[in-house]
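Order of writing sets the labels: A, B, C and D. Residues in every chain begin at 1.
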Amino acid sequence: MKTSSAPAYHGIIPPIITPLKDRDTLDVAGLENLIEHLLAGGVHGIFALGTTGEAPSLSYRLRREMVERTCKQVAGRVPVLVGITDTSFVESVNLAQHSAEQGAAAVVLSAPYYFPVGQPELTEYVEDLVPELPLPVFLYNMPSHTKVTFELSTVRRAMDLPGVVGMKDSSGNMVYFHQLVRELEHRPDWSLLVGPEELLGESVLLGGHGGVCGGANLCPKLYVALYEAAQKRDVPRVMELHAQVMRISSSIYKVGRHGSAFIKSVKCALSVLGVCDDFLAEPFHRFRDEERLRVGAYLEEFEITRERAWPAAVEV
Amino acid sequence: MKTSSAPAYHGIIPPIITPLKDRDTLDVAGLENLIEHLLAGGVHGIFALGTTGEAPSLSYRLRREMVERTCKQVAGRVPVLVGITDTSFVESVNLAQHSAEQGAAAVVLSAPYYFPVGQPELTEYVEDLVPELPLPVFLYNMPSHTKVTFELSTVRRAMDLPGVVGMKDSSGNMVYFHQLVRELEHRPDWSLLVGPEELLGESVLLGGHGGVCGGANLCPKLYVALYEAAQKRDVPRVMELHAQVMRISSSIYKVGRHGSAFIKSVKCALSVLGVCDDFLAEPFHRFRDEERLRVGAYLEEFEITRERAWPAAVEV
Amino acid sequence: MKTSSAPAYHGIIPPIITPLKDRDTLDVAGLENLIEHLLAGGVHGIFALGTTGEAPSLSYRLRREMVERTCKQVAGRVPVLVGITDTSFVESVNLAQHSAEQGAAAVVLSAPYYFPVGQPELTEYVEDLVPELPLPVFLYNMPSHTKVTFELSTVRRAMDLPGVVGMKDSSGNMVYFHQLVRELEHRPDWSLLVGPEELLGESVLLGGHGGVCGGANLCPKLYVALYEAAQKRDVPRVMELHAQVMRISSSIYKVGRHGSAFIKSVKCALSVLGVCDDFLAEPFHRFRDEERLRVGAYLEEFEITRERAWPAAVEV
Amino acid sequence: MKTSSAPAYHGIIPPIITPLKDRDTLDVAGLENLIEHLLAGGVHGIFALGTTGEAPSLSYRLRREMVERTCKQVAGRVPVLVGITDTSFVESVNLAQHSAEQGAAAVVLSAPYYFPVGQPELTEYVEDLVPELPLPVFLYNMPSHTKVTFELSTVRRAMDLPGVVGMKDSSGNMVYFHQLVRELEHRPDWSLLVGPEELLGESVLLGGHGGVCGGANLCPKLYVALYEAAQKRDVPRVMELHAQVMRISSSIYKVGRHGSAFIKSVKCALSVLGVCDDFLAEPFHRFRDEERLRVGAYLEEFEITRERAWPAAVEV
């Protein structure tokens, strides 16, 4: 049976949004605010340039600046992970090299996402790329965006590579997640993190090590508390906090439509709270006034403030 | 917060397989064996003519016989639910009428599955059909087979209809399931059951009422014990039993390929244990000797016998 | 090189709609009108109980009546084909038997459509079923509704079975269609028909034998003329008639939304022209007044009348 | 009715493969050979950095070199089009700027391909990006790789933008293509090209202006001849040449599996003919000896040589 002792990477590692002033200008002050907001909330790490960070939409120049500024502001207080998923092998290596130079702790790698690849191709790709990377590697399962799932046999081979330290699963498929947990029996040093925050409670209760929850940009303490309650197997507390997560998920994230609604609403909420700008890189655009008013109304209803970073319905 | 008091339909309600002697002949003795096997295992109800029961593959004559024989053998010891999902409205009504006459307690209804339907069409369909049915109705979300999900707004409207008493969700999407749990705040009398047995533990821990688990055909006691442990919020016990569920799921159900592997392996295992025949209706065929030997080897490894109906690795 | 000599089944074989008075009552007079409308339009056969005929939505009693009435009214003037696609092998055989007794010429068979099947299962299914059928068999490729494509290797094996005489391809995938045409080199007796009427021109120009075009319910002469022009390789005439097909397709069929728009609009147009009733079996419903007015306006704009059965923009 | 007068961009515009020596080194001599091979074959333009050119897999440095070398070698003999599709708006603009500086004639733009976008987002994206581009723009419909189709209403709005001169449709959906042809009535200056070479014949017969055919890398004369025959409405010749296209498509491109089979086999065949190297950028790898022998055997069977660039079965 799986025990609760955690591997090196565990807990809440938010995929930070990339605060922007415009299409190719980082909102540096906003980024610094955001990082302090997260660290004050007790997060266990920071994941830059993920999906929530709009990484594929940014210029390479901006991606490099984001890595540099993030590492500098975090200053070793928690580990920084950097997403290097790319359609180009060479650009992935370049960004990993830059991340190592700036002091990042690990990189996060999904499948190349333009060409649909088969499992043998995906396996070979990971086996070719990992040895070229100067930092430990998290695999990142994200089939809705990359068109391919890391099948179990591929995960097994990939995780036997020196340097692969864990996996982030954003598939939303808990049957698959439980299959991954079974693999931990043979590799208790691996770290297994879940993507969707709505699944954080159950995944930690049943053997996972934490979550890369986008909503933690807004309310870091809520997700940290939920993680800790699940770690302690305090089911009533898990239910209480999970209900808050679902309340946010069923309201604020539903203000927009299309796949972009989540990122738009998190950026919008952070802007309403005064943390950072809400500019989005194309192909997306910030919410208009009407949606912004609805996001603001939800924040007020839930009594989420920048200071508390937490809905008022439950006590910390 | 959701409390653990259970609505009328709760616990483990196995979707029983339909034991066949050949394409159009029920294995009556096998069916009687199977029902006694399940009742001895402590199940809370029986669901006939579901997906696991191969309902769409059977002739209408055989479906009616199956309902009759099942109701007669169960004889009121637990409620019998009957699947009436059909592409033809008229045939759904006919089968529901027959089920009522034979003493079934409720019917289970998914979307018609040939024509892809939009949500307004699905809503209208349910609103037209439910009033014509003589028994309480469970909705059944099964997008992998029906091509359509019951979206939340459709569920809300459908569940306001008199006669709709609950929902079985076989989507495997736990984010969606948690959204359904939120709806229970307003309707604590509804019953919310999960399909995939790999999700039974977490769904009951976080507010669901039980499971329609195909694997319960084979090891009913295991699923009943897991349900009860989750009801009691006994997380260590849930993890122990859930690990057994995953062990079966990752071995026996993987002996075959394609979507049919699950039904084939359950029928095969029941045949190896001497409960009933393993004939499958077209488009499927029973396992050949090679696969049958592998299923038998797993049963032996796990020490699953007809008497115990339980893997030996954990105590009841 | 493929010559233009046609196999037994060729030309325009409309998938007739099933005129209904209500959910379980055939509009017999409407059916007789419709059949005469089609035969007057010069069609080469009639295909009853296809997708356009809403077959899966009808009770079995009604399906049998539809076969009986259609065969009786056609009275041997053209061959009648009957769709027997079903999730239940036994019901497919039953309906084929009934069709043979009523004088149908052939049956049309797609994959069973509830359970997703793999190619080996599909091959075995066809190999098991075809020998039990009393009439020649058309395969029917309809992946949007059955979830499975007849892959080329499966087609090759299936078409080697005695009794299989052709294929109707409704995939809309012309690359696949051209691959099928290549198979005709070895089997010049097979008949290869295309489903979507928007592809009729090119498929006949490049080696196909005709079309099972739903729009031929409304304007049979238009499709017959297009077929004949393509047979004669009269490209300017093909372009002219094809443009009319596209005009109808881009207007009348777009009055509704969802997958059901096509059937609804054809039934509605026939009702406006006075041919038959426009009742649809669940899960669909006839157009409301607003949509009906739009359909009527298009018929007027195109000067499509019951007598001419043809848009006025081109001469017959 | 559509006449055959062609807009500025028409005929065969091959998406050239990118000859590589290794992951980040252009095979410059191979590229020069290939361009001369294509121009000797009579192509009407060259499209660099498309899907067949593996653009998303290349480093940005290499993409820029590819544009520079291609423009230099072509030296104005035919127009050069450059693919600028990217997940990053800024990088698309950068590459378009570079292309203009190197003398390219136009750029080709599909949807950003990491985030799934809705139609309003896609429309806005195109409306934002096109005005920033220094060259005429072709839209590129490629839903299998970008996850989104340019719906008709989006095409209409996009093609009203100054600077948008045409569309390349690689959807393989000929119903959609015919709908696009209808739009040409209002914009006879637009250019409509088809992607899949198996659809070249019919698309030009029925109103299209040419093809961006990957197979033209290997046998440019074949596709040019097919285009010309279709332009002349010479159906017997179209059938003859189309049959050769299907013969290649059904053999050489089927040597590999997965979506990558096409690019691998074209590169391999060009290497066997001595035109250029067959290295592929990750996530793909060149064929191994076994597959290479099979490709060579097909080339021999069809008597395709570098000089003739044409299967011997038909005369030029």
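Note that in this section a contact is a pair of C-beta atoms (placed from the backbone, for glycine too) under 8 Å apart; a residue touches a chain by one contact, two chains touch by 3 or more.
Keep in mind that this is a model prediction, so the values were computed, not measured.
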Least hop count linking chain B to chain C through chains in contact: 1
Inter-centroid spacing, chain B versus chain A (mean Cα positions, whole Å): 35
Rounded Å distance, chain B centre to chain D centre (Cα mean): 50
In chain C, residues with contacts to at least two other chains: none
Overall pattern in which the protein chains touch one another (line/ring/star/complete/other): ring
Those chain pairs that satisfy the touch definition: A-B, A-D, B-C, C-D
Touching residues (chain side chain D, partner chain A) in the complex: 23-24, 51, 56-60, 62, 87-91, 94, 111-118, 120-122, 124-125, 128-129, 144-145, 147, 257-260, 281-285
Residue ranges of chain B touching chain A (in the complex, touch as defined): 1-2, 172-175, 178-179, 181-182, 196, 198-199, 201-202, 205-207, 233, 235-236, 238-240, 242-243, 246-247, 249-250
